[in-house]
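The first chain written gets the first letter, and so on, giving A, B and C; residue counts start at 1 in each chain.
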Amino acid sequence: MRFLSFLISGLSLGSIYAIIALGYTMVYGIAKMLNFAHGDVIMVGSYICFFAMMRYNLPPVVGVLLAMVVCTVLGMVIERTAYKPLRQAPSLAVLITAIGVSYFLQNAALLLWSSSPKVFPSIIGNGKIQLGELTISHVTLLTVAICLVIMFALTWFTGNTKMGKAMRACSEDKGAAQLMGIDVNGTISMTFAIGSGLAAIAGVLLCSAYPTLVPTTGSMPGIKAFTAAVFGGIGSIPGAFLGGLLLGVIETFAKAYISTQLSDAVVFSVLIIVLLVRPAGLLGKVINEKV
Amino acid sequence: MYKKDGSNLVPVPSNAVIPERDINDMPALECKNLGITFGGLHAVENFNLTIGRTEIAGLIGPNGAGKTTVFNLLTNVYQPTTGTILLNGMDTHGMSTAQVSKAGIGRTFQNIRLFNNLTVEENIMVAMDNSMKYGLFDGLIRLPSFFREEKKAHQRALDLLHIFDMENVASHRAGSLPYGAQRRVEIVRALATDPKVLLLDEPAAGMNPSETADLMANIRKIRDTFQIAVVLIEHDMNLVMNVCEGLCVLNFGRIIAKGSPAEIQKNPTVIEAYLGKSHTNEGESQAAVDAAAEEKSEGSAPENTKETRKGGKKK
Amino acid sequence: MKRKNTNKYVSFALVIAAYAIMMVLISTGKITRSMQGMLVPISAYIVMAISLNLTVGILGELSLGHAGFMSMGAFTGTCAALMMLESVPNTGLRLGISMVIGAIFGGIAGFLIGIPVLRLKGDYLAIVTLAFGEIIKSIFNNLYLGFDKYGLHFQLLSEKGIKLEEGGRMLIQGAMGISKIKKISTFTAGFILIILTLFIVYHLVESRYGRAIMAIRDNRIAAESVGVDVTKYKMTAFVISAAMAGAAGALFAQNYSTITANKFDFNTSILILVLVVLGGLGNITGSIISATLLTILPEALRSFATYRMLVYAIVLIVVMLATNASSTKIMIDRLKARLGGNKEEEER
């Protein structure tokens, strides 16, 4: 029974990682860059939702929607101002710029909202379901459910819509996509928008589960989710889900059965071992350079 | 044309031919039943070839026939699915690419692969790495062995560059050289590893006719000076027919013909592979091959379009 | 070839001149306390930047966990120094030994992490170095190490099981790190370490090892095809880089009375990477300059108080955009063309 309840809370945490990991993996797939500012977009989303609910007494749904809109716009603005001019630049330059954006968001949040922790309100109350000896909170259920919905929606989107196909085409070969009449810049912008919108949802879910909100809230989950994306095979959407869920479960089990303090060490050790066995992640494809 | 060297091609076991002068030596390279499969596709199949110790051999065939794959198999970039490779009688199975290089295969690449940010001289010195005798520590604290070995390598790099009269670009950044020069540097770099077999992947690609003529002379010069075997993949038929003593024609991953250039020019299977089926008349097809050789010698850049055009004749 | 050599002499001249000027300023008392306190961290960061440049700029592999090696060196070196309090009374010698020990342990960590790292490519490699940095942090945060006449006693998670004999002391106390460190690091020691690092890196680059390492960076397949043992050379570069970071860690730690594992987290790794990229990949002189400027910058921005980190972030973004965006690149190229043959100076 203990095992099952750890598994469920692991899946819930993993769902949050998976949603964040999606943002990393989609952007990586299409722009071939590690968007280190992604974790901080999560933090911004959480703050927006927090203020919408606490200061303006808006209903949680409106708060979440507002957070999504703000994050979507923020993601697109970041892409346009900081990343787009660097499309031809070496990848390290883009990486450092992303880190700069990350610092910027964190410190702007620090100035705007101070470093004192905010206690995030629960968005759906503290309800619980009792299944025999097993207790599952509503938040846990909601998190897993939202994650599943997003997974199916995204899989459908990339597989069946024109924009989704354009995204896949751009991630294969931008030049060829452009020649086929695809608006590459627009597609990249769209990818950032979707990723950032998802980040807002992830932020709200994260803060519902771990209610302390500070300007650095997004960093560690960001790094973990990035790890999850690599774990599953970066650039692959199913990989991000699988990686996120596994990472959440491993982390929870490590906390439960090994040690809370050493859980990070365990998670990262597992990552290293997985990459040793599968150098491109669980679902990633090893691309051999043509000789 | 192979008769110019006073050597005839003679049959050897495993259904191959090598120049007569090499018959008493161990073959430089022997492939037996070599093959590789990529996800069900037989990229190269049943590849048998013997290269004499000082032979200049050519590997030709239409685009996508598997020529470069053969080179990748020979250098263990790909591990073969079947068959063995004997380099000077030694089985190279299971070796890494670096070990194969040490064992005596030097190569160039179809898409030039130089160390672009290093100078030409440094490019060549990298290839001498295994013959330089000083350790990490000797280099860090600059023991006399460091200076001695570096000086030796520097001199040898200049000597090798002299083959192509390129000493003057020794200190240029390799990436800044013009295309033809980069190809030549690649050859010199491959030679610097002291190979027994030199594999050249389209050495004349992108060269103008006078550069190609120089290259032909230099390939012979390299063989004569170093007494090594040279295998080249080339689309420039003029070069192939002039320089190579033995030819091996590949199509769809299989060898369709082997022999001297003169024999290959007359071989109906080869003509079919290059020109399509309708040419049944002997005389006509011979003329066609000659025409093709002429046409191709003009340069291989428009190769693709020509190939398509010829393909169109099939029906 | 020629450019590299001039760059090398510029590096040495720069460091020696800076050291001489600082020593004069210190002896005449014309330097603020806070500035004087920054000299050792600056030295340590310069060494960190040079050593990471070896991995990122010269070997061409992105590392996001360089602070892990620094941490390794800081903890092992400092512990060693504390254990030698009585046996080696001379502080200079003790610092020297502790830096050597830091370097050895940094190198060992580099070797261990090198085994998985060298099998991977690109971003996968980067994530493993990141993971490694986090693992090191996590372990040191939960490590309890004590020392008495019977030797070392260690335990993970809590210090309960560690019973020390009379005269023994705790060295590492989990998340509290090492406290009551003897502050024995000096600017002169930092200066010597920088000179030594420069010596090693330049001599490495100009030897057959450095050539092979750069060849792997430029074209791995071609390097293999000419017989370069890629694993061996990558490992060499990686271990040397880690060892130098270890030495820098030992120097850095003993500038403070307390040191914790959280000081060497992901953000520190990133900070060092920023130093390397801003200084220019493969450009050692650039690393020295950027490490100096960027360590001073937050201090210099003190007058902005609350806004300083925000300004720092903006400066970072603007600099990256200005030096790398295609539109500004064209402008810079034009400027260079107008200035004529001064390209060498510009690049520095």
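Just so we're on the same page, a contact is a pair of C-beta atoms (placed from the backbone, for glycine too) under 8 Å apart; a residue touches a chain by one contact, two chains touch by 3 or more.
Bear in mind that the values here come from a model prediction, so they are computed numbers and not experimental data.
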{"item": "Chain pair, most C-beta pairs within the contact cut-off", "value": "A-C"}
{"item": "Distance-to-centre winner among chains (Cα means, whole assembly as reference)", "value": "C"}
{"item": "Centre distance in Å when subunit A and subunit C are each reduced to the mean of their C-alpha atoms", "value": "31"}
{"item": "Interchain centroid distance [CA atoms averaged], subunit B/subunit C, Å", "value": "46"}
{"item": "Separation of mean Cα positions, subunit B and subunit A [Å, integer]", "value": "50"}
{"item": "Residues of subunit A touching at least two other chains", "value": "291"}
{"item": "Contacts with two or more other chains, residues of subunit B listed in rising order", "value": "77, 109"}
{"item": "For subunit C, residues that touch 2 or more chains besides their own", "value": "221"}
{"item": "Subunit B to subunit C touching residues, read off their complex", "value": "75, 77, 96-99, 101-102, 106-107, 109, 113-119, 121-123, 125-127, 129-130, 132, 134, 136, 139-142, 146, 149-150, 153, 171, 189-190, 192-193"}
{"item": "Touch list for subunit A against partner subunit C, complex", "value": "28, 34, 82, 85-90, 92-93, 95-97, 99-101, 103-104, 107-108, 110-111, 219, 223, 226-227, 230, 234, 259, 261-262, 264-265, 268-269, 271-272, 275-276, 279-281, 289, 291"}
{"item": "Residue ranges of subunit C in contact with subunit A within the complex", "value": "56, 62, 116, 119-121, 123-124, 126-128, 130-132, 134-135, 137-139, 141-142, 156-157, 221, 266, 270, 273-274, 277-278, 281, 306-307, 309-310, 312-314, 316-317, 320-321, 323-327"}
{"item": "Residues of subunit C defined as touching subunit B within the complex", "value": "1-2, 199-200, 203-204, 207-209, 211-212, 214-215, 217-219, 221-230, 236"}
